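Both of the next two complexes hold chain A, though its partner changes from chain B to chain C.
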Partner chain A sequence: MSNRNSREPPLIRVRGLSRIYPEQRGVHSLHFTLHRGEVLVLLGPNGAGKTTTLSMLCTMLAPHGGSIQIAGFDLARSPRQAKRALGYLPDPPPLYPEMTIKQYLGFCARLHGISRRETPAAVATACRLTGLTAVENRLIEHLSRGYRQRAGIAQALVHQPEVVILDEPTAGLDPLEAHRIRALIGELRRDHGILLSTHLLAEAAAIATRVLILDHGHIVHETRLDHPGAAPLRLRLNLGAPPDESRLGTIPGVAAVETLDAGNFLLLAEPGHDPREAIVRAALDYHWKILALAPHHPSLENLFLRVIAGRETA
Partner chain B sequence: MKATLLIGRRELRAFFRTPLAWLILAGSTFVMAWVFLWYVQRFLELQPRLPAAGPGVSALVASPMLFWAGILLVLITPLLAMRLIAGDRARGSFALLRTAPISSTAIVLGKYLALECLLGLVIAVAIAMPLTLQLGTSLDFGRLLAATVGLLLLAAAFGAISLCLSAFAPHPAAAAFGSFAVLLILWLFNLASKTAAGADSALAYLSPGHHLMPLLAGEVSSADIAYFLIVTAFFLGLAAWKLDLDRLGA
Partner chain C sequence: MRSVAIVVYSQLMNGFRNRWILGLTILFALFAVGIAYAGGATSGHIGYTSLATTITSQASLVAFLIPLIALLLGYDAVVGEREQGTLLLLLSYPLSRGQMLIGKFLGHLLILFIAILVGFGLAAGLSSWQAGGSDLGRIFVAYGIFILSASLFGAAFLGLAYIVSVRAVERTRAAGMALLIWFFFVVVFDLALLAVLVGTGGNPAERVIIPYVLLLNPVDVFRLVNLLRFGHGAGAMTLSGAVMHGALGWLSLLGILFLWGIIPVSLAIWRFRRSEI
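Presenting the complex of A and B:
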């Protein structure tokens, strides 16, 4: 698996992770890694094993098989060091409503081994990152749902872990708050490795650099979303006076042509080539009446439906 | 150790932010004051008929009144302990402790520390009442000291049992009912204290009341102290074991 940080050891390395429940539920022999700078999204229908996987990574559940390494520490053998490198936001966020944001984050920091002297600075940093500074002296029970979710994220960041794990971070938030949380996750990505679970396709498409699709406890598909240029370009072409399909295949840089319906074509470019200019020139030269030409990204939704539905019919 | 103190301090602060804790403290103080005044009044009625070398105010007021304080602990300990683990779990905040780099033992001891501080406060109020009698008479301080130790040991054992049930119960209400039932049954074993032959029955030996009575009367025996310490250690250990077990269970 190529990655721009591949020289650095992965922040999470999961090998053969399993937890078996009756009736084939649970998760079965998962393998994956997470590097700094990545937002890895676990996507899957309800009951696919997303929360079970995250719970095992956060030591809420013990695995039945396999191994987990966090920041180089084996979770079973050196749980304390591994846990120190880990920030976790469960769903719902683990808040104490009777505390103020500042007291709560201070408690979380001390719990994760931050010294009394360094705690105020750590709390201030976490508040600044999550936009909580203005409400840091308010009681958590008086805060809106969006702010509570941010407090949950601040809790996961306050001890500056290398790995941040978020379970359904935008569940139940209004669209504006959800957007803010996603923007925050995008910022956090610079300094941390982020693993999150969601069942929202749009959310995964918006923030993920890599997506693992889980179904019935298995990883059924893995796709990268951060290097669209690396894959061969796919183009949608709409012509008013189309030529024969094979004629389009002779345009330099075009590897394959598929007719979708009358006048609509899907063109696959040769790797590393962008044949758009050649297509436009040919269309003008031969009077094909070009109506539209645009890159075609198969949406994550199509991919998800294809993978999950494909498994269900299989 | 640091984590234990940290958790204990947080729990203690959280206690005083709930109306339930204040209600329990106020209610128990009221009940103990009532019982105390009742025994004082009875003593004043009895006093003219008492022989000069007979039992004094410590035996006739302090000891029975502190026995009632023990019964009060059966009622309030489950209510104070229910939110500690079961309540935390029900509202989802337990995940914070569970995923922090601390052991299950540190979590249990931290919560236990907060509970014992509160029970200690109740006992301090209870002891303060007979101590005021020193203004008008002279008290048997040895006897009072033994009674204080007895109540503290009782609170230690009750706290451990209630916390353990809080670790096992899925909801705070179940924790409170469960531990109230266990404490009450243990206490009632004391009623079966004498067999037909007049010897102490095995059931009575399990009852905390059976071991508290000699201490309230000023008789300190290592067997009674050992009973309370063993019960405390056993249930705290069981609570920590349950928290570890949760990770393995479904």
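Presenting the complex of A and C:
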């Protein structure tokens, strides 16, 4: 999906975005894009610059440098057109408790420029998408936290924006509601580009197609989660009668070997090669008693810790 | 303009939902009708007195009440949205900060205006009925001017409330500040002026300056508009009436009240455009 859509112009194009606070805090010269069909997740420790970045994208903060384009409109020069293409869910969800869901979404739709005639249909669609139809006439103050979160997402979708920005969309929700919201985000991905900030690594791993790790206002790592095959294959091998580590390194297609413990090895394939068949053949030929061979995907948590911890020790 | 109208409409609906409009209208109607009907009770007379007496009595009441109500309506217009998190939402919409503030201000002003119009409109109707149907035109013109001046007066304090709301970081601090503003303009200002006049014996230079110092207080400007328009000498019985006598006419003072209605809210918009959220 990302390949297909990456041919389209990006929905968000950020170039050299900076916002400097005293003591070198803020964000420094960020560059990134977001395409339709992507769920781009900003990850980072507290103070990394996630909220500052989102605030600039939503015009709450003025950048000190760089530019932001949303759906082709420069946010500084054509803020209204850019904002029309943008749906934003801040954390916590911004609601008017004294309104019903229908009144609230109607108000949001009208402010986004939807005509009075088209507003009921837009509200009904947003309610259907977010599962709010059954409670659309209830006062927001009487709704559960999960429904309130959905109402916040519904207001971000009511005008059918191309870009949806969600700040901590599952914060404070029980596991079932969080799962439903993630499923909803997965569905939204089909027609929108989604930029999301979260501190939950499992959530990022579950829904992201791409992750940007921020630290001290810099993008320190970018990884795709929808194309794990693009990176060199890593294999975990368990042998009952293992040879020397150096012997495994001679198998065609194996670039490097790391011994984890007795009989357990981590093998790094040469780029573009899959040495699994050669490994199995060698194990059978030399009676290494192969017990397990499987691809090894380092978890996002491992990646995150490695990147952030690596920077801290550097 | 369309965005402003949507915010005004939303604010107005909110006023109906939380019963601000209903409550204020009943309050104004009770006081206005009460004064129109029983304003002469102290002189042993119940019923219609004179239009001038009725309106000047109502103006005295309004001078205390409207600033308080306008400040209560507006003090959390911005800081309340900020605390609720909805300010972030509104600013992410295709709506400028100025449009947002103007929309909220006009919505609040409309709430105040509806309450004043209905409340004092009832008083006008009662006055016409008590007058036996005579002088209808005069009564309605008089109440028209009164309602206009009361609305501008409300706009002045609503604007002051918006300045507080834009600057405040917490709703509770904004409420405290709003009460201080009410206390200063309604109670302290005239007392301080009186103290200066009495203390110095009212030298000629002060007699020239003081009328213009009164213009710095919308409460005095509002009182003067109504005293000079309807007082027929009653204005001279008050400090402000006495010192203003001859310096400016009621129409000029209505113009100054109009400026009071727009300058504070303009300052609030200016400040809001430059503030960081």
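Keep in mind that, in the parts below, the second predicted complex is superposed on the first by the 310 of 314 C-alpha atoms of A that agree within 3 Å, B and C clash if a C-alpha of one lies under 4 Å from a C-alpha of the other, contacts with A are read in each partner's own complex, and residues count from 1 in each chain.
Just so it is clear, contacts are C-beta pairs under 8 Å (C-beta built on N, C-alpha and C of every residue); 3 or more make two chains touch, one makes a residue touch a chain.
As the structure is a computational prediction, the values presented were derived from the model and not from experiment.
In the model built by aligning both structures on chain A, chain B clashes with chain C.
In the superposed model, A:Gly49 makes contact with neither chain B nor chain C.
By the touch criterion defined above, A:Tyr21 lies against chain B but remains apart from chain C after alignment on the C-alpha atoms of chain A.
Legend: residue contacts after superposition of the two complexes on their common chain; A:Gly217 is shown touching neither chain B nor chain C. On chain A, the surface touched by chain B in one complex and the surface touched by chain C in the other have residues 58-61, 79-81, 83-84, 86, 88, 90, 92-96, 98-99, 107-108, 110-113, 155 in common.
If you check the complex, the residues on chain C that touch chain A are 2-3, 6-7, 10, 13-14, 17-18, 84-95, 276-277. If you check the complex, the residues on chain A that touch chain C are 58-61, 79-81, 83-84, 86, 88, 90, 92-96, 98-99, 103, 107-108, 110-113, 155. Only residues 21, 58-62, 79-81, 83-84, 86, 88, 90, 92-96, 98-99, 107-108, 110-113, 155 of chain A touch chain B when the two sit together in their complex. The part of chain B that touches chain A in the complex is made up of residues 2-3, 6-7, 10, 14, 17-18, 91-102, 247-248, 250.
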